[in-house]
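Below are structures written as structure tokens.
One chain, chain A, links the two complexes that follow: it is found with chain B in the first and with chain C in the second.
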Partner chain A sequence: MIRRVLPHDLGRGLLTRRPGTRRGGFSLDWDGKVSEIKKKIKSILPGRSCDLLQDTSHLPPEHSDVVIVGGGVLGLSVAYWLKKLESRRGAIRVLVVERDHTYSQASTGLSVGGICQQFSLPENIQLSLFSASFLRNINEYLAVVDAPPLDLRFSPSGYLLLASEKDAAAMESNVKVQRQVGAKISLMSPDQLRNKFPWINTEGVALASYGMEDEGWFDPWCLLQGLRRKVQSLGVLFCQGEVTRFVSSSQRMLTTDDKAVVLKRIHKVHVKMDCSLEYQPVECAIVVNAAGAWSAQIAALAGIGEGPPGTLQGTKLPVEPRKRQCKPCPHLSLQQEEPDPANLEVDHDFFQDNVWPHLALRIPAFETLKVQSAWAGYYDYNTFDQNGVVGPHPLVANMYFATGFSGHGLQQAPGVGRAVAEMILKGRFQTIDLSPFLFTRFYLGEKIQENNII
Partner chain B sequence: MLKLIIPTIMLLPLTWLSKTHMIWINTTTHSLIISSIPLLFLNQTNSNLYSYSLLFSSDPLSTPLLMLTTWLLPLMIMASQHHLSNEPPSRKKLYLTMLISLQISLIMTFTATELIMFYILFETTLIPTLVIITRWGNQPERLNAGTYFLFYTLVGSLPLLIALIHTYNTLGSLNIVLLTLTARELTDSWSNSLMWLAYTMAFMVKMPLYGLHLWLPKAHVEAPIAGSMVLAAVLLKLGGYGMMRLIPILNPLTKHMAYPFIMLSLWGMIMTSSICLRQTDLKSLIAYSSVSHMALVVAAILIQTPWSFTGATTLMIAHGLTSSLLFCLANSNYERTHSRIMILSQGLQTLLPLMALWWLLASLTNLALPPTINLLGELSVLMAMFSWSNITILLTGLNMLITTLYSLYMFTTTQRGTPTHHTNNMKPSFTRENTLMLMHLSPILLLSLNPSIIAGFAY
Partner chain C sequence: MAAPWASLRLVAPMWNGRIRGIHRLGGAVAPEGNQKKKRTILQLLTNYFYDVEALRDYLLQREMYKVHEKNRSFTWLEKQHGPYGAGAFFILKQGGAVKFRDKEWIRPDKYGHFSQEFWNFCVVPVEAVDASDCDINYEGLDNLLLLKELQSLSLQRCSHVDDWCLSRLYPLADSLQELSLAGCPRVSERGLACLHHLRNLRRLDISDLPAVSNPGLTQILVEEMLPNCEVVGVDWAEGLKSGPEEQPQDTASPVPA
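Right after this comes the complex of A and B.
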């Protein structure tokens, strides 16, 4: 870069740096020049990375085999399992691109951190069971040399679900499925419930199910930091930036019944740096979309959903951010209306109007409840059937999804990470079969309805 | 010899004056025609040297290498077409200029009669290769790779210059023919030992010998496809060729001085083959397998028996073609998946069956399957080493086993297995790629019918 030195600016002094000048070069003082020369000499010597012309240490590498968009718990879990399941150490180069290193709006950090196995789909139960065993043995999974062990503060206190007369049969069949898969759930009649929890008003309750083991809550921030630390020690690269573009190539092909489809392949990912126009094209073989509430944007960048509606070409990724508010007390989520997801401001009236009446009815002691503090976070809400999207996209061959879990992403993250890593490395799901969660169900219209949405 | 050099020099104006859509066609066709000229040198009645002029000559050692070099240029040009397709025409022409100037210096190197001319052209080949690696490589590590490549080779070859000039002063001439007739014996003394080292170090680094091989994995992996092809196929053989030219004048000191290097090469063979078993990066695996094969050539040249010389020349030609073929296959994989990792492109046999055939044949020639020339070379070297010392058969036999293991590992990882989802829309093999593989394989398969052409002057 050639900077023209204007003669009438000499009055500013030689030591002050003018705004807009790059570091290095003509505007440095003597000590600065000496250290620049020393840095350049050191970079020529073998063993150092050669950045003679431009300092690119803040940019991501030019090539990475797998790029994971989104550095929350799902993205880090995929990175962790990719590194764990690769057959030789150091085989795959993984890059995790995260827009916000403070995780100020990420669903992981703002999550309540609950884990429960009381779902109706066997896949969901299997995922939560695996996650529970992962969390119990977290210091074996995520051990890093010379680092202190993780304290997840897992309180296995269990989830209690109450059912009225008309839902009792559904609850009983759900518990049967859960027990078949291996969760330990106990069914209680209203009398047993009153014995166990005398402070509950059992009016209108026909059946209750309570998780005896592996259910409760933990510290999601600790899990995130533990995963981050372990994944960095395994050699995954982190980059703070935003994915702004996918450079891809497409091919028009015919299906077996002679319909034209356009198959796409992503070649490069443009990662834009924070607060600047600088971007780095990262050449990659596989892109994993773990962007949480903003996954639909990433999918739209790859051209998913651009086509006539009703075709596979035109099926969009139906994930959108929905705001949920949390108070640090056991909360009931009965959403009659949706709060506005534009920002994460907490609407205090929402609690008073919608949540408190139900709480006061069920637990008489809560009639004098006052909210001390509250926070809000986003769900990566799947508007189709509120369950996650896992696996490859049928048309964009090298984009894999791990998103859309609508509130139970954190508790299913270890299992989902392993499933996506198996899909990438081995071509099929090996341990937990998540084929009902593939993208094609949006096109085929097969909703997998989960009855116990929390 | 000018009938070969002048057309190659004229390839330069051909690239610059061609129309944009004719660059590839013109250069490929003309270099293919030029590759038929060294066939004229094959019929040699005098096994000493077939002299064309004061400067250039060819003998049964340099002719096969010359044929390899000229055959490889059209193949390099064909292989580079895809990754240069997005560049502006002047940059494409510049790339071709680099390849052609490298070709000119290589032809003159292999046919040089005078050793100082050989030395100058030996150094000249470094510059276009460096430009190709650092300018057109893919990763930012290519700058590091270029530095390693340049400085290893330069530091190794500067003592060679001093040794050659000293020999010129004492003997009066550095003509290859006269050298063997007038050379004085190198008796056992410290300064003669240093002289011996000065002569051989340059070529040991180029081959490469196991302890000095660090530049090779870097340079091969970071170079673009044509760079990898020429590096693996021809530039490594420069080391072998130079050593075979100079070894006759280094007697009888070689009997003592060769021991550490033979040991290094035997041990290095096994070490680098074992590293191949642990590699995940495809190009890195092929680079280390090059080191392993060339270690056999080093050991063969140092023991100086007729069969070992035969084996060394045969192995050099065979390895040149096989290694170049493997790099082309790895590149065809890379262009489709943009990743050099083997496990990310598995199960390709169901997607690209014809390419799987080329992969199979390449892996089979790499593991020295009978009756290919790879086997003839390795077997000759093995037997010569066994008669030189019985124990070496353990190491060389173990090396053949490990070579088989990693060649088949490479084949089964890339071709067999379940294809993953992200490989399902790979473009089918281009005719250009199939032609490239066939043109690599047909010399290997045809030469197994008459290997005496490439068997060198000791056959």
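Right after this comes the complex of A and C.
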């Protein structure tokens, strides 16, 4: 009651001083003065931060429970699921730090946006299936009151993989695993393939697998904007800045077999503002590394990999930015050197010399193909086994990873976000078990290779 | 997280001299306020009060839940009466009509009641389904796809049928001969592209699809995709620009001689 009366009176008081008490000199910026006074009074009112001395509204908050480094689709997915799975409304304070709000170099916006379930690892298939159902029901998951529904422009066309004689057995076993997990894949012989798609040259093809449902491509930018909008409405704070330093403390502990190990804990994250030297130390409990192609730098800031090689301390995060997938691929001979990932320039000759001959061979109608436009983006390429890194670091106790997906991060983002949120909130994976994707596999040398032909 | 009195906070912009603004926010809606004005005030309140936003969010979730309820799977019915009975019951419950082979159309009346006789002959396959204006969505197709020998399906003006649903129709490829998607607001050309699985389709109605960006071109592409099918609904010349001197001759009223 009092609050309602107070501004009311002040308003009256201010305005009654206006007519006739003094003449002349009032036309000087009266509106500006009124807005200044209104701003001052607004800051005195309860519920506002009182920044009379110094305006810090452009800086991130000083405290946050979770700081997510990287505002791409994986970072936003983790933020969304943290807010969705928290036990009480407003229980977790989340801050997303993104260096570039235009997402000009982020892999999400530059991605083709394909989604496919034809993997050989059951975890990958489960993640893709869940993401497909997330995208299908995106207007229920990401519904914001009064906002227009999202149009993902999904084309449910399916992926067609062709296998030669020697890969046919591998393809069959992969399809068996995929069907067991729940994906709808159909196997076709060369005759059936010719029947269905008469424009394909089936020479050398022994078997083909075709995804019937939940496969295709969509608009990744729309997903990103939808996630941003929803996550902001749920109360997650955004900050445009760069993480420059982690302030952490270490503790020497003994393992069960009496070996000394140094455990680290991150206490503060220094977020530096764009184009200035100003930084804000954000005190946090948990840091999520979702920085995509630049995750290795963030990991290095936290001291991951500083130690003799071959030990757990010396194991670096093997994620680097790459512009071209270089998996051992029997169809395309990629012995050429990797393109320089320092910039996002497109090498137009690569398509002409290496990709087009194979395309024209398989699909004769593509002989007269001409490239209209091309763009480049980075993969957050995991040099170890080209699959994602998810979960906490064994030594830096409060850093969680959600990165390194080497080209299928976008299609696995909803599932991975949920898995990381479950790990943070509940301490274990509940819906999809991603324990093979933990960081420890780099030290133990356990590669989880995707032996699918793409 | 926010101050506990934040939900009662009245924001300054309203009191720039116009004191009446505060009273309007206080909730006293003018009695002659029509539907449009009410929605605007609720929207206005949503921007300032967390409680109103939570209430509207809850109402939205409830609407979505109602559609899910309608589209739940009738697995028990399928065990008891077989797939055709369960599928027919699903359609009739939604408000659509069902025709068993060699039998008459079964339609619910305006109160939603329908005759229960079909339980007696639910071993007979269902031939045709008219699901116009129903709330069938992707999950509801679980029940529809039980009708393996369906020949004619009409999904006219179904507001929840979208591209994902169309990609799910391929199990009916062997039997489906007639499909109508007229007036579905969420079907776009990307969904129509995955109808290529339906090899036996003889008649396809794609008129009045607001989400399709270029109806004339889409008609041509669909005709190419399904060569044995008669594609109805769009005049291929629709997308072409007509010159300024052309008059619509056929719509002119007959001139008295």
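Simple rule for what comes next: the second predicted complex is superposed on the first by the 395 of 454 C-alpha atoms of A that agree within 3 Å, B and C clash if a C-alpha of one lies under 4 Å from a C-alpha of the other, contacts with A are read in each partner's own complex, and residues count from 1 in each chain.
Methods note: a residue touches a chain if its C-beta (ideal position, glycine included) is under 8 Å from a C-beta of that chain, and two chains touch if they have at least 3 such contacts.
Bear in mind the structure is a predicted one, so any value in this text is a computation, not a measurement.
Applying the stated contact rule after C-alpha superposition, one finds that A:Ser155 touches chain C and leaves chain B untouched. In the superposed model, A:Ala365 lies in contact with neither chain B nor chain C.
Contacts of A:Glu283 after superposition on the shared chain: chain B is touched, whereas chain C is not.
By the touch criterion defined above, A:Lys426 reaches chain B but does not reach chain C.
Contacts of A:Gly90 after superposition: both chain B and chain C are touched. When the two structures are aligned on the shared chain, A:Leu444 is found in touch with neither chain B nor chain C.
Of the two partner chains, neither chain B nor chain C is touched by A:Ile37. In the superposition on chain A, contact of A:Ala169 is made with neither chain B nor chain C.
In the superposition on chain A, A:Val145 makes contact with chain C only, while chain B stays out of contact range. The contact surfaces that chain B and chain C form on chain A in the two complexes overlap at residues 46, 90, 93. On the chain C side of its complex with chain A, the touching residues are 1-3, 5-6, 8-10, 12, 15-17, 19, 22, 43, 46, 53, 56-57, 60-61, 64, 138, 163-164, 166-168, 170, 188, 190-191, 193-194, 197. The touching residues of chain A, when paired with chain C in their complex, are 3-4, 7-8, 11-12, 15, 38, 41-42, 45-47, 90, 93, 136, 140, 143, 145-146, 153-158, 212-214, 216, 235. The touching residues of chain B, when paired with chain A in their complex, are 138-141, 143-144, 147-148, 278-280, 337-339, 341, 343-344, 346-347, 417-425, 427. The touching residues of chain A, counted against chain B in their complex, run 44, 46, 49-50, 52, 56, 61-63, 65, 86-88, 90-93, 251, 253, 263-265, 267, 283-286, 391-392, 397-398, 400, 423-428.
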